[in-house]
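Both of the next two complexes hold subunit A, though its partner changes from subunit B to subunit C.
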Partner chain A sequence: MPSERELQISPVVQESLVHNTRTLYNLQSLTASLFGVSAGILGLESYAGFLFYLVFSLLAATLVYALRVAPTSLAAGKPLLDTSRYFRGAYDVWAGGLMNGFAGFVLTWTLFYGLVRA
Partner chain B sequence: MTLLSKTITTFGSLFLAHACYSAREHAALQSLRAATSASLTSSPTAASSLPIDIVIETIVSTFIILLGLVLGTRPLRPLEWRVWAGKIEREGEQGFTDNSGVVDKDYMGNPFAVLESRPNFVDIRKQRRQFAKWVQEGSGKQGQ
Partner chain C sequence: MAQVPVQTIHRDPQLFYWILFPITIVMILTGVLRHYATVLMASAPKKQDQKTTREQRALIHGINVRGNFHVLSRPSFETRRDALTTAYESGAYLKDPENRGQPPPNPMSDPSAMEGMMGMMKNQMAMIVPNTLIMSWINAFFSGYVIMKLPFPLTIKFKSMLQAGVATRDMDPRWMSSISWYFLCIFGLQAVFNFLLGSENAANQMAQQMNQMGPQGGANMFGPGVDPNKQFLAEAENLAVIEHYSVLDGVEQRLLEGIKA
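Right, the complex of A and B next:
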């Protein structure tokens, strides 16, 4: 997280921050529901389901990095796996999906588990 | 771009729906088999898990939909002011379009436009000379 002094030297555009965060949030909620659907179809239970969610959230974050962040970020000279060109903290991209989409995941997981196995 | 992402997402959804239907049928078949075998032999049948092809289809289709959704997200914008302003200067509104090429509604253009169009700094005498020259050239051409 940049300090006050660094923010004074290189200011941040609030509109871009809001735009990027909202784009990421929309994607994370949507994909979390999708992961719930497939976990329900696979019939995963307890820890296996949460592990599935963890793995696919990381996969989604990797895809976002590879397709949306990396092409311009690497060209601008940022190191690999660095998302500071578009996001304030690395946490938002890599682990934000675990928090944002959790409720949606559990909802569709239980729904499809019940639909398939009822 | 948006067509590509929508096509990929639709294909993935089809596969996922098929996997869901297959899993449903498999579960129904298992319960039916369990009921008949219980009534015939009363031997406990092992609860068989999902066939490997349905598992693979589910995972692959999830990945395909995920790919389509990520491709369908709006392009991100640079956070730092200098990077952002440089992008505006270099690419103009072409750098702030969504996937279908429509310029974003909140695109505001050059952040220093107010400074660059200050009317106090217009050289009005030079513009008057240029205008007079242009009028003379026009009348000269008409006279010929």
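Right, the complex of A and C next:
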């Protein structure tokens, strides 16, 4: 964590941070629903489905990092896999999708599983 | 352990068209309706008289000076601090200075406070009324139908929740009735609302409840029952204890280091 003094020298703009977090949240909930659709169409059951969700939301987080965060963040001298240039905590980017989108995932998974298979 | 054979139930495909889709569509439309109802019912912020506004702005001024003292030079900060502290302590910014030191009025008798509570009540009603209506609608029309199978196994404890109204003892708890699809919709439709209405929408009841439970420090600052004189005195004390430094202290050194590197 940077000290209070460093934060005052190069301040963090609250509005931009909120905007980033909201954009990320929208992306996460939308992709989670789409993962649910694909898991349902593939007919995955129980552990396979949850594993699918875990793997794909991590993949989505990695893509967000690689495509949107990494180019400028690495150039600014941040270490690899560090998201502090755009987000408050690393947790938001990497694991936030698992929590935010879970209900949407279960909903669409059940819906499409019911429509296609059961 | 003996392998339990997978239960299959033959269901009329018409169940999807006459139960599943209507419930889903009604849930989505209710969310949209709730969003627009909240937008329409939102009462415009009440216009305050000049004295009240001055009182609040003076306090905010003090808080801002305290938060951003590092961008002010020392004489500039000290002038501001002295002016604000004197005014706070003499009560120059108070709405009615003759009321100093008296206990604040009862918040229930203040009409402006009732306004705020009415707003909260309205929001609550906008949440409760449609939920009750839809639930009784589903219970009246669709109870007892098994419509779907969950893609993941559940323990037997969930049976009474998922299969309410279906009195079949040996059925796998994975089968769910129409009312449990309704619950699934309540929790899972946030993504859809995000997509349809933008992320600032008021359709989501879960988020609203979170907001109500969350800390309300900002909203209550000028709320009823708070003595502004006490707030002013506390703010004067906060200003007095600040140890001033400027963000420009030692800037030459930092600049030289930046150039050297």
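By our rule, the second predicted complex is superposed on the first by the 107 of 118 C-alpha atoms of A that agree within 3 Å, B and C clash if a C-alpha of one lies under 4 Å from a C-alpha of the other, contacts with A are read in each partner's own complex, and residues count from 1 in each chain.
We take it that a contact is a pair of C-beta atoms (placed from the backbone, for glycine too) under 8 Å apart; a residue touches a chain by one contact, two chains touch by 3 or more.
Since this is a predicted model, take the numbers as computed values, not measurements.
Enquirer: Given the alignment on subunit A, is it a clash or a fit between subunit B and subunit C?
Expert: Fit.
Enquirer: Please work out whether A:L107 is in contact with subunit B alone, subunit C alone, both, or neither, and reply first, second, both or neither.
Expert: Only subunit C; A:L107 stays clear of subunit B.
Enquirer: Quick check for you: in the superposed arrangement, does A:I41 touch first (subunit B), second (subunit C), both or neither?
Expert: Once the two structures are laid over each other on A, A:I41 reaches subunit B alone.
Enquirer: According to the stated criteria, A:G49 is in contact with first (subunit B), second (subunit C), both, or neither; which is it?
Expert: second
Enquirer: Under the superposition described above, what is the C-alpha centre angle at subunit A formed with subunit B and subunit C, rounded in steps of 10 degrees?
Expert: An angle of 90 degrees, rounded.
Enquirer: A:L74 contacts which: subunit B (first), subunit C (second), both, neither?
Expert: A:L74 sits against neither subunit B nor subunit C.
Enquirer: Which holds for A:A90: it touches subunit B only (first), subunit C only (second), both, or neither?
Expert: Once the two structures are laid over each other on A, A:A90 reaches no partner at all.
Enquirer: Is A:L115 contacted by the first partner subunit B, the second partner subunit C, both or neither?
Expert: Touch status of A:L115: both partners.
Enquirer: Kindly classify A:S29 by the partners it touches after superposition: subunit B alone (first), subunit C alone (second), both, or neither?
Expert: It touches subunit C, and subunit B stays clear.
Enquirer: Which holds for A:N20: it touches subunit B only (first), subunit C only (second), both, or neither?
Expert: first
Enquirer: Tell me which of subunit B and subunit C touches more residues of subunit A.
Expert: Counted on subunit A, the partner with more touching residues turns out to be B.
Enquirer: With both complexes placed on chain A, how many Å separate the closest C-alpha atoms of subunit B and subunit C?
Expert: Subunit B and subunit C, overlaid via chain A, are at closest 11 Å apart by C-alpha.
Enquirer: Considering only the contact definition stated at the top, list the common interface residues of subunit A for subunit B and subunit C.
Expert: In subunit A, positions 26, 30, 115 sit in both the subunit B and subunit C interfaces.
Enquirer: Which stretch or stretches of subunit C touch subunit A in the complex?
Expert: 16, 20, 24, 70-71, 147-153, 184-185, 187-192, 194-195, 199, 247, 254
Enquirer: Looking at the complex, which residues from subunit B come into contact with subunit A?
Expert: Within the complex, subunit B touches subunit A at residues 16, 19-20, 23-24, 27, 49-50, 54-55, 58-59, 61-63, 65-67, 69-71, 73-84, 106.
Enquirer: Quick check: in the complex, which residue numbers of subunit A touch subunit C?
Expert: Listed in rising order, the residues are 8-9, 22, 25-26, 29-30, 32-33, 39-40, 44-46, 49-50, 101, 103-111, 113-115, 118.
Enquirer: Over in the complex, which subunit A residues touch subunit B? Could you list them?
Expert: Against subunit B, the touching part of subunit A is residues 10-13, 15-17, 19-20, 23-24, 26-27, 30-31, 34-35, 37-38, 41-43, 56, 59-60, 63-64, 67-69, 72, 76, 84-88, 112, 115-117.
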